[in-house]
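For reference, the structures are reproduced in the following blocks.
Two complexes are shown next, each including chain A; its partner changes from chain B in the first to chain C in the second.
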Partner chain A sequence: MNDSRNKKSPNRLRKARILVIEDSADHLLLIKNALQQSFTDVEAVIMTDEHTAIHYLEECMQTGLRLPQLILLDLYLPERENGWAFLTKVKNLNPEVGQIPVVVFSNSCNSEDIAESYDRGVASYVVKPMNFTEWTDYFQTLKEYWWETVLLPNTHSMY
Partner chain B sequence: MIQEAIQYPALIKYLKGFSNYTWVHYGDGRKVLLAKSLVFFEKKLSGFLRVHKTALVNPHYIADFQAPPGHKMAGSVSLRDGETLPVSRRRWSLIIDPLLVTMLPSSLPAHGEPVSSPFVALAGLEKKHPSVASRRMWMVMADELKSGLVQQLMGEKWSQWGLKLFDTGNGLQKVIAGIGEADMPAVIVLDGSQPGSLLTLQTLKNNSRFRFIPTILLSSAGNYDQAQQGYASGANSVIVYPTDLPRFIQVLEKMFRYWLSVASAPQAGNVRSC
Partner chain C sequence: MNDSRNKKSPNRLRKARILVIEDSADHLLLIKNALQQSFTDVEAVIMTDEHTAIHYLEECMQTGLRLPQLILLDLYLPERENGWAFLTKVKNLNPEVGQIPVVVFSNSCNSEDIAESYDRGVASYVVKPMNFTEWTDYFQTLKEYWWETVLLPNTHSMY
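Presenting the complex of A and B:
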């Protein structure tokens, strides 16, 4: 699990895993399509509500299954309280899970939703693009940033 | 080879023509000789100023101009690092003089405020929209050469964003403590090569007024502990600081594209429409 974060490792992308939490079937289709084009070596785990997502992360911790390196969270599941409840739980699971960057990916461009999400500890907030063709661009930028530019947290050695 | 040499114009300080060859001088002191005339580069590097038959200058590196002191004498341009290049009399009256005349005192930077060379604005390279620049990035960057690159890249591709540069994290903390909600930066970037950077990060993230501002730590290469502590202290991202300049620009571009074009930053008066 350690070496997947090693920048020099050619397996960096192949071993990568992203957790997607999205309740809309339409958006899920768009996300899957965009992931297929941009995140070719990234395995996507898809959950449609916050409870199963938390359950999945707990299972990872218990069984030693590799944790995702990034979490893409729809905020309104269907209410924003659902998204925030997930965030609070994730941050309190354990330090390793708590540091996985959570990127909110939401339809809402309400400045209150944005500010409050950051205040609650999301790594970043991205408003879903309006235009269908932009979805691929967005995911391309997401991948270039989180997988090719950022050094993702790896608290493995600390705990 | 030639394309590669001018791939990142921000890195180029000036070019010096030498019959059918051109020396490309970079900001970091490197230089390469290429088998093309200066005219070729003048066409490719549109924002650069042709100050002399033999010299093409990146305005970002210009510190000052000196008018021709007398009749048949040349003027000169001094660069930030102290180097000077000649400005031919004809080009002075054609290019430089008109630029300087239009330069009003109000267009000069306020004292103590770190901004790019005033001559960049003169050359029409940076379109300033002070009324629209409601979104601001604040960045701590100790290295002068690198902060110059940040200014250039932002001016070229994200000119709708305002940029405020600080030498130290302490300087940023002092200014942010004294401003109101409406003037808050939308994104903060800290320079991990500075000793106090983690402390600045913790101070920001432990303060309920500032913790919502996305804060990115540029961590010194090889300092893995610092990167991990950055996340533990609440950094929204940690990026390893590349030492070579072309790679530094690539990283900046990816960071800017993500944070300034794709991600939504929290801000009072966020004008992004639904």
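Presenting the complex of A and C:
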């Protein structure tokens, strides 16, 4: 067993990378601010549609560029079919890419959207918060869970 | 959109159910205590091997018994092949069962175990903490993430 884990930061926050896929300029602003407050040492790669996000992941694989360790996906980009298309592609692109946990952020509380997202292999489904304070709270929880509790895949390729 | 979500408890903590699959009596004691402290209103169903866990889920489907909303899985039961076998079965048993997020709790920090777990569709991989205080901290984070931030599948069938 390779027990090199740092107790309060198993994923070594520094230099980690998150891929954010969001088409709303307003929500992107809130997400960027919340990321800056909570994930101070995490680089966020922002994409506004599923095609450029898949292209970016393909490019990472081809060039050896460091993959993101977590993907935040807006489901409606602007239709949910865009989010479904991203999920289908990302889970079949390459085993290393398929392992990256995807957290859906959506305005929708529709139970079909929730069920279909879990069916398509998302790690979790979060309804977008209502105001900036809540966004910050949510990202703080995300950090405590994904960076300080969970061991993410591809941690070895972070440096 | 059915926005009936309660801000700080989207999954309505009361009467929720977690399935815990753990073969170590010591760890089970720690988990039970941590659950009692953090998930006061959550019913934990405890199974000590993958066969009885799958049997329980099959029984839920056959009898209409309420499914768990989250599964905590010890990977080595006692071999990791037992954990892999559970993951293969649970993801193919039934769409509703396959949607339940599985959080692996393991002593292993082995990168192959982590990668293989994410390959097999786990929502996240957590290395078991070292002492009771840490177990309680981890379960507090789990509660804040899975019960107060995320929307879990099958929430409609909780009552």
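We take it that the second predicted complex is superposed on the first by the 142 of 159 C-alpha atoms of A that agree within 3 Å, B and C clash if a C-alpha of one lies under 4 Å from a C-alpha of the other, contacts with A are read in each partner's own complex, and residues count from 1 in each chain.
Simple rule for what comes next: a contact is a pair of C-beta atoms (placed from the backbone, for glycine too) under 8 Å apart; a residue touches a chain by one contact, two chains touch by 3 or more.
Note that the structure is predicted; figures quoted are calculated from it, not measured.
A.B. asks: Between chain B (first) and chain C (second), which, if any, makes contact with A:111: first, second, both or neither?
C.D. replies: Touch status of A:111: both partners.
A.B. asks: Of the two partners chain B and chain C, which one touches more residues belonging to chain A?
C.D. replies: For chain A, the partner with the higher number of touched residues is C.
A.B. asks: For A:124, select first, second, both or neither according to whether it touches chain B, chain C, the two together, or no partner.
C.D. replies: both
A.B. asks: Touch check for A:153: first (chain B), second (chain C), both, or neither?
C.D. replies: A:153: touches chain B and chain C.
A.B. asks: Quick one: classify A:41 as touching chain B (first), chain C (second), both or neither.
C.D. replies: neither
A.B. asks: One more residue to check, A:99. First (chain B), second (chain C), both or neither?
C.D. replies: both
A.B. asks: Is A:81 touching the first partner chain B, the second partner chain C, both, or neither of them?
C.D. replies: neither
A.B. asks: Touching A:59 in the superposition: chain B (first), chain C (second), both, neither?
C.D. replies: Neither partner.
A.B. asks: Hey, what residues of chain A end up touching chain B and chain C alike?
C.D. replies: 7, 95, 99, 101, 108-111, 114-115, 118-119, 121, 123-127, 138, 141-142, 144-145, 148-151, 153, 155
A.B. asks: Would you mind writing out the residues of chain A in touch with chain B in their complex?
C.D. replies: 7, 95, 99, 101, 108-111, 114-119, 121, 123-127, 138, 141-142, 144-145, 148-151, 153-155, 157-158
A.B. asks: For the complex, give me every residue of chain C touching chain A.
C.D. replies: Residues 1-5, 7, 10, 95-96, 98-101, 107-111, 114-115, 118-119, 121, 123-127, 130, 134, 138, 141-142, 144-146, 148-153, 155-156.
A.B. asks: Which residues of chain B touch chain A in their complex?
C.D. replies: Within the complex, chain B touches chain A at residues 208, 211-214, 219, 227-228, 231-232, 234, 236-240, 251, 254-255, 257-259, 261-270, 272-274.
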